[in-house]
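Alright, structures below, take your time with them.
One chain, chain A, links the two complexes that follow: it is found with chain B in the first and with chain C in the second.
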Partner chain A sequence: MKNWVKILGICLLLYVHTAGLLAEVPRLNILNETIRALYFHVPMWFGMTFLFTMSVYYAILYLRNPSPELDRKVLEYANVGTVFGVLGILTGMLWANYTWGSPWHGDPKQNGAAIALLVYLAYFVLRGSLDNQEQRARLSAVYNIFAFAAMVPLIFVIPRMTSSMHPGSGGNPGFNVYELDYRMRMVFYPAVAGWILIGLWITNVRIRLKNVEEAIIELEDEK
Partner chain B sequence: MKNKLLTALLSLFTVLAAQAQSSDVEMADTMRSEGKIYVVVGIILIVLVGLIVYLLLIDRKVTRLEKQLSDRQR
Partner chain C sequence: MLLILIRKEFMLELRRKAVISGIGLYMFSLIFICYLTFSLRQNSINEATWSALFWLAILFSVVNSVAKSFIGEKRGIAIYYYTLASPHVVILSKILYNALLCLVLSLTGYGLFALFIDNPVQDTLYFLLTLVLTSLGFSSALTLISGIAAKANNSHILMAVLSFPVVIAILLMAIRLTKNVLDGIDRGASLDELLNLLAINCILTALAYLLFPYIWRS
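Let's turn to the complex of A and B:
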């Protein structure tokens, strides 16, 4: 991973955490200052979706041309993606407690996100339950594609077909009012880009660590 | 011409000096203004920078491990 990518990610996040708290935001009832949570809660989901997309991309590559390196990539992208997803759920619960009235509101998008995370947790359970390395890699790559295919409708389609309290679904205008607000875009888009870059960096470190681990095991086997 | 410029500059300084005296004693008040939000920004930035530095250190550690490993593999 190139150094300038890391520096860009750091600079974007430093800007987002300063401007996100200090810049002007629209004044709306109920939301009040919590509107700023948009800069920190939503990028977690963008980051998760991006990392899961990378994971399924490498899963397909693995099935076309199997190699242990690709399997490690599939695993680590799913790993870091899940961390982002858990952070998204937790920040969402805190936000919901003060704007919707309770941390778990049974909102379709909230439920969908939780189910999607459980589907991905099953991916790790599946991996843990198989000893043979090739079998584990192949079966979990197939399951990874299924998990991705389940996540997309659970988070992006079903909540929009029913009435969700999340903005932009079921005729709920919510964010449409201020998503058009250029002041918020100036912080929101850098936030998404910054967190995606940091997510890529963490994944990069984890993959390299896993590669070193595997190489050491191989060295010891040779002895 | 030169004189005019000098008087203009001098009057500017007197105005600035007068302004500085008229307001209450200005100290480093940024961190205490507007409900002390800047303190929160500072705290969040410390946490963020701390975590990023930690990630950077892990990154360097992995690089070192990779080097050690490639030395041994030779």
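Let's turn to the complex of A and C:
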């Protein structure tokens, strides 16, 4: 991977952290200053969705043309995606504590996010209980694709069918074409791009690390 | 070929009467425990609790009964099928057979619930339609997952862990439909959920059909 990815990612996030904490934001009732969570909470979900989609993409490639390198990619994208998901839930709970009054509010979007994490935790359990490396890679790739498809209606369809207190749905202010004013867009879009780039970079470093570890093990075996 | 395989599943099922009566007894015990713990003859429950209890009982008995479609099989049998039929036919026959099994289980569960607890369903036709659709969805999701879990070490725990996140979408839709049916709301209002359920079923069945050959090969 090119160097510019991490440099651009770091620059964007430096900008997002300064501007996100200091720049002007619209004054809205109840939300007040917590509206700044938009820059840190929402990009986590964009990042998670992006990383999980990459994981499924590599899982499909793996099934078409199996190789241990592809399997490592599937696993690492899922790993980093899960970290993004956990951070997304934690930032969301922090925000909900101040706006809704309790960290867990039984909101459809919260539940959907928790289930998305359950899917990938189950994926790791599945990997842990298969001994044969090739079988582990193949079966977990199948589960990855299947579970991701089952998750799509849960995250993108059902929350839109139910009323929710989450900003951006059910008439609540938030991420919406009319409500999100241009000052926030100037920070929000770079934040999304920056977090995705950082996610890509972390995944890439982890994949390279795993490849090196594998190479070392092979060298030691030859001795 | 498809029909022969489905017939084979029926024959096997009828030959091992202990398994099928075990599943029946499992479901009966579940429902009886629900009945006892809520002491339901004295105090009645509201509709939301009824549908939650009903779907929990169905979910657990269905997961346990579909699990056996691959987990119980002997090692050599898979290789024998492999020489006879293509994987697509095998998975389709299993899905259809399991869908029938789930439907029978759901209907039995409904009967037992009506007997012991109550029958608050106002729109029986739509409720039966919901049961048919969910049976198909459960069966295609669980059959594939049972195929995956059968290859692993602790298959029974894995079966539960892997399947719950996948079937939650179906379950949520089913609970919502049941709520409409119990309240006797106009049928047009539940059309959205029915179509949604149908779409989820199509996705899951198509994926199970496409992905099964990859699990099959090991």
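Everything below uses one rule, namely that the second predicted complex is superposed on the first by the 211 of 223 C-alpha atoms of A that agree within 3 Å, B and C clash if a C-alpha of one lies under 4 Å from a C-alpha of the other, contacts with A are read in each partner's own complex, and residues count from 1 in each chain.
Following the convention adopted for this analysis, a contact is a pair of C-beta atoms (placed from the backbone, for glycine too) under 8 Å apart; a residue touches a chain by one contact, two chains touch by 3 or more.
Owing to the predicted nature of the structure, the values given are computational and were not obtained by experimental measurement.
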**Request:** Please tell me, clash or fit, for chain B and chain C sharing chain A in the overlay.
**Result:** fit
**Message:** Under the stated touch criterion, which partner chain does A:V119 make contact with: chain B (first), chain C (second), both, or neither?
**Reply:** second
**Request:** Based on the superposed arrangement, let me know which partner A:M151 touches: chain B (first), chain C (second), both, or neither?
**Result:** second
**Request:** With both structures superposed, pick whichever of chain B and chain C touches the larger number of chain A residues.
**Result:** C
**Prompt:** Is A:V212 in contact with chain B, with chain C, with both, or with neither (first, second, both, neither)?
**Reply:** first
**Message:** Touch test for A:L14: chain B only (first), chain C only (second), both, or neither?
**Reply:** first
**Inter-chain angle, chain B to chain C through the CA centre of chain A, in degrees rounded to a multiple of 10** = 170
**Request:** Name the contact category of A:L22: first (chain B only), second (chain C only), both, or neither.
**Result:** first
**Message:** Looking at A:S129 after the superposition, I want to know if it touches chain B, chain C, both of them or none. Which is it: first, second, both, neither?
**Reply:** second
**Message:** Nearest approach of chain B to chain C by C-alpha atoms in the superposition, in Å, rounded to an integer.
**Reply:** 32
**Request:** Enumerate the contact residues on chain B facing chain A in the complex.
**Result:** 37-38, 40-41, 44-45, 48-49, 52, 55-56, 58-59, 62-63, 65-66, 69, 72-73
**Request:** In the complex, go through chain C and note every residue touching chain A.
**Result:** 141, 144-145, 148, 151-154, 158, 161-162, 164-169, 172-173, 192, 196, 199-200, 203-204, 207-208, 211, 214-215, 217-218
**Asked** Quick one: in the complex, what on chain A touches chain C?
**Response** 63, 115, 118-119, 122, 125-126, 129-132, 134-135, 138-139, 141-143, 145-147, 149-154, 157-158, 161
**Request:** In the complex, go through chain A and note every residue touching chain B.
**Result:** 6, 10, 13-14, 17-18, 21-22, 198, 201-202, 205, 208-209, 211-212, 215-216, 219
